[in-house]
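Presented sequentially are two complexes of chain A, the first with chain B as partner and the second with chain C.
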Partner chain A sequence: MIELDHVVKRYGGRGAVDGLTLDIEARTLCTFVGPSGCGKSTTLRLINALIRPDQGVIRIDGKDIAELKPETLRRGIGYVIQSIGLFPHWNVADNIGTVPRLLRWPKARIEARIDELLHLLRLDPGEFRTKFPHQLSGGQQQRVGVARALAADPNIVLMDEPFGALDPPTREALQGEIRRIQAETKKTIVFVTHDMDEALRLGDRVAVMQSGKLVQFATPAEILARPANDFVRQFVGGADMSIRVLAVARVAERMAPDGAGQGQARGEAIREDASLKEALTMMMTSGRDALPVIDQEGRRLGIIRLGDLAHL
Partner chain B sequence: MIRNRVLFVLMLAAFVAALTLPFLGFAPNRLVSGRAISLSEALGAGSLTVFLACGALLFAACFMPQGRALHLLVLATALAFAVFLPLGAGTTATSLVATATPIARVSLAGGFWIIELAAVLAAGDALRRLEAGLALKAAAVIGVVTVLVFAAVSGAFDQLSLAKEAANRREAFADAVQRHGFLVALSVLLALVIGLPLGVLAQRRPRWRDLIFGGLDIVQTIPSIALFGLLIGPLAALSDAFPDLRRIGISGIGVAPAIIALVLYSLLPMARGAFAGLASVPDSVVETARGMGMTGGQILLQVEAPIALPVLLSGLRIVTVQAIGLAVVAALIGAGGLGSFVFLGLGQRALDLMLLGAVPTIFMALGVDFIFQLLLGIARRTP
Partner chain C sequence: MSPLTMALALALVALVLALPHLAPPMHWLFPQVERPVYERASFVELILSHLGLVLASSAAAALVGVSAGIFATRPSGLEFAPLINAIAAIGQTFPPVAVLAISVPLLGYGGPPTLVALAVYAALPITESTIAGLTAVSRDVKDAAEGLGFSRLRMLGDVELPLALPIILTGIRIAVIINIGTATIGSTIGALTLGSPIIEGLSASNPAYVLEGAVVVALLAIFVDRLFEDGVHWARQRSGASP
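Take a look at the complex of A and B:
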């Protein structure tokens, strides 16, 4: 768990981070969102001690990070930034192996870990191991950046607008990878973005910031349903709010289990982790008003009806 | 239409030089000024025909559609020129001296130098137009040097006055080359040891930047002779006050002030090179290196230094070539080196003696420059 306790960081008298208090639960993905300059990057850099707070305390698993050697702390935290910062003079394998080498892992273990991570990020080791950063596309570079951050198997990964410079399809693909990797590895991920859609799509919880202060900290559905104030409402965007709710809420949250007297649905089933938007699309294209729901392994779970989509 | 202006200008210069300037000078002894020998007289009918044919080819190349094949042809012809001109001069000298007394001297004159220079520059220009890789450049330079060295060893140039001058002063010449190399190597090494940290400091502490570069800039603007002179006073006073210093070779004149002056001149380009090299490392790279838990020393040595290396090497190249030239002036304050021949020759109005100092200096500078180009190429290729 990461605890921020009344944290203040000032630059030239102005509070870049101004009394931030929140707890980020272990093994969840927390997104920080807010307009440019609201203090998101500063918050991340406080967590891995690249900068020190002027006031307040930051604790990781109960320990005040001010008492740790910064290098030791950082080797246990993955860090990915928008401009990626791959080492241009090292090939992909050497880049990924950076932190394991700093931690003096045995060579064979490092090599095996590099292959494992390339597989995890869907890069063929045979092809990519020996390539240099300048030989990669932007999306491939950021995959390597993410692999490098995961290399020493840190419990915490900090990501600062990691996909901000990528084109939309690449970006969506990598967002999918982050969800998948988070589900598989159960890391605590703190993900910074200025894009509300990205924050809502990825976060288990979303922290909305404004001028160094926390405005709202809640689940995506909660933020959409009950924005804390006009700033959040505006940021979320008023008009197509209902469509966004459908996009972030999952089928699992609205379905009725079998045997609950809801009857049976026939035809193609939808997975429980699909969004309500996908469910609505399937209903409309197949002309049904109810869909069977299955889990990841294809086992039948229950039913979701058109009417279920409307409740909040 | 002229399609290669550079080559055209070079050929024009060579042509005019061939027509109007003496190619060799022929004197019965060292003290009297000799008779001018033109290119046509020097080469004889056979060689002259080949020479003119090659010249005509290069001239025509200025007007032909440019392409790789033509550049290669120009390169080969220019290199052949650069090799055969000295060989021809050497052969002519041998036959001329055979007809005269042994103390007769055949010296290389203006025409030779200009045509030779034009040929070398034309070859360099062709290499540039070819966007030649390291291998081709190295092959061209090593090829020419090998042939000339082989010819020199087998005595092809022995009768040229420059070679005679070197032979007469064999020991002094070897000493001077060694001393020159020593002055350059030691001053560059010291400049590296002092200049690198200054460059790093300037990059790490913006407040110090203006002070460091401002100070070094001032040193750079002092004319070299003045700086050498300026150091004589304080160092002489020092060694008077502390006789021990004199025992280890530090005094107002000689090697010590020369080294100090050379180091002072080298500091600015050295520190600038280090600064620019570090500045060329992207901020994001340093940020992630820190974020991954590298220490300051690890970042400097494993990340910043390798990325900064090409820029740093360019700085070192400037420093070394500059030091080779400046070390000539150091002879004025008794530091020795090739400059002593230059100033001795100036005093005696003996052109060959001057050239005995100047030509090896030029070769040393070109050689060092070439080696740095190779190193730079390697540093850039392995990212």
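Take a look at the complex of A and C:
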């Protein structure tokens, strides 16, 4: 667990982070969102001691990070940045193996770990191991950036607008990867973004910040249903809010189990972990008003109807 | 080594070995000169002594220049950076001959003052290029390195210096090429260099000596320059700057 306890960081008299207190649960994905200069990136850099707070305490698993050697702390925390920052003079394998080398892992273990991570990020080791950063596309570079951050199997990964510079399809693909990797590896991920859609789509919990202060810290559904104030309401997009709910809520939350007198649905089924937006799209393109719902293994679970999507 | 560099090396060796046997054609070129081939010292001896001076002074200059450049780009040395930069820039406006002249009253005549003068002068472009190279390392890469847990020393050795190497090498190249030329003037204060036949040829009105010394030193400078071209190319590839 990461605890921030009345943390203050001032730049030129102005509080970049102004009395921030919140707990980030272990093994969850927490997104920080807010406009430029709201203190979200500063908060991230406080957690791995790239900057030091003027006041307050930051604890990781109960330990005050001010008492740790910064290098030791950082080698235990994955770090991904928007500009990626791959080492241009090292190939992909050497880039991914950076932190294990700093930690003096045996060579064979590092090599095995590099292959494992390339597989996890869906990059073919045979093709990519020996490539240099300048030979990769932006999306591939950031996949390597994420692999590098995960290399030493840290419990915590910090991501500072990691997909901000990527084109929308690549960004969506990588958001999917992050969800999948978080589900598979159960890391604690702290993800900073200025994009509310991204924050709502990825976060188990979303921290909305404004002028160095925490405005709301809640689940995406909660934020959409009960924005804490006008700032949050405006930030989540006023009139588009109900559409956003569709993108955030899952089919599993709205479906009815079979045999509950809901009738039958035929045709192509939708997975329970799909979003309501995907369900609506499928209904519209196939001209049906109900879809069968299946689980990840393809077992039939129940039914979702057009009417189930509408009540908020 | 590229084929061109290799060819230049062979041409240089061949010329130095052939010079003692070139009296007949030199006679034909300079009929008025009695002894047209420089014989006070062999050209092998001259080129080795010349190269010795250049290598020793450049090595010392590289050590001092790179250290000064590293110091000026560390947090503790940052406030000295403008001063160090100014010294390096202003120092290079002095002609190398002047530096050589200043060192005589301090160190006397012969090899040592030449060595010191060359080293001092060469340290300036190397310092300047080291500062430029280290400053040019991308902020993003350094940010990533710091965030991943590099210590300052490892960041310098594993990330900053390899990425700055092409620019640092460019500075060392300038220094070495200037030194090859300037070392010839060292013969005016008694050092044994490829300048010895030139100086003697000038004072004794023997254009054959001047030509021999000049051609060999020019060929040496071109060869070493090509050698650096190959080195910079290699360093650029390694730093991922070009495919």
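One rule holds in what follows: the second predicted complex is superposed on the first by the 307 of 312 C-alpha atoms of A that agree within 3 Å, B and C clash if a C-alpha of one lies under 4 Å from a C-alpha of the other, contacts with A are read in each partner's own complex, and residues count from 1 in each chain.
The definition used in the following text is that contacts are C-beta pairs under 8 Å (C-beta built on N, C-alpha and C of every residue); 3 or more make two chains touch, one makes a residue touch a chain.
Predicted model only: the values in this text are computed from it and were never measured.
Colleague: Have a look at chain B and chain C on chain A after the superposition and call it: clash or fit.
Modeller: Verdict on chain A: clash between chain B and chain C.
Colleague: Please indicate which partner A:Asn48 is in contact with in the superposed arrangement: first for chain B, second for chain C, both, or neither.
Modeller: Both chain B and chain C are touched by A:Asn48.
Colleague: Intersection of chain A residues contacting chain B with those contacting chain C?
Modeller: Residues common to the chain A contacts of chain C and of chain B are 48, 50, 70-76, 79, 81, 83-89, 98-99, 102, 132, 134, 145, 148-149, 158, listed in rising order.
Colleague: How about chain C: which of its residues touch chain A in the complex?
Modeller: Against chain A, the touching part of chain C is residues 138, 140-141, 143-151, 154, 159, 162-163, 238-241, 243.
Colleague: Give every residue of chain A touching chain B within the complex, in rising order.
Modeller: 48, 50, 70-77, 79, 81, 83-89, 98-99, 102, 132, 134, 145, 148-149, 158
Colleague: Over in the complex, which chain A residues touch chain C? Could you list them?
Modeller: It is residues 48, 50, 70-76, 79, 81, 83-90, 98-99, 102, 132-135, 145, 148-149, 158 of chain A that touch chain C.
Colleague: In the complex, go through chain B and note every residue touching chain A.
Modeller: These residues of chain B touch chain A: 282-295, 298, 303, 306-307, 382-383.
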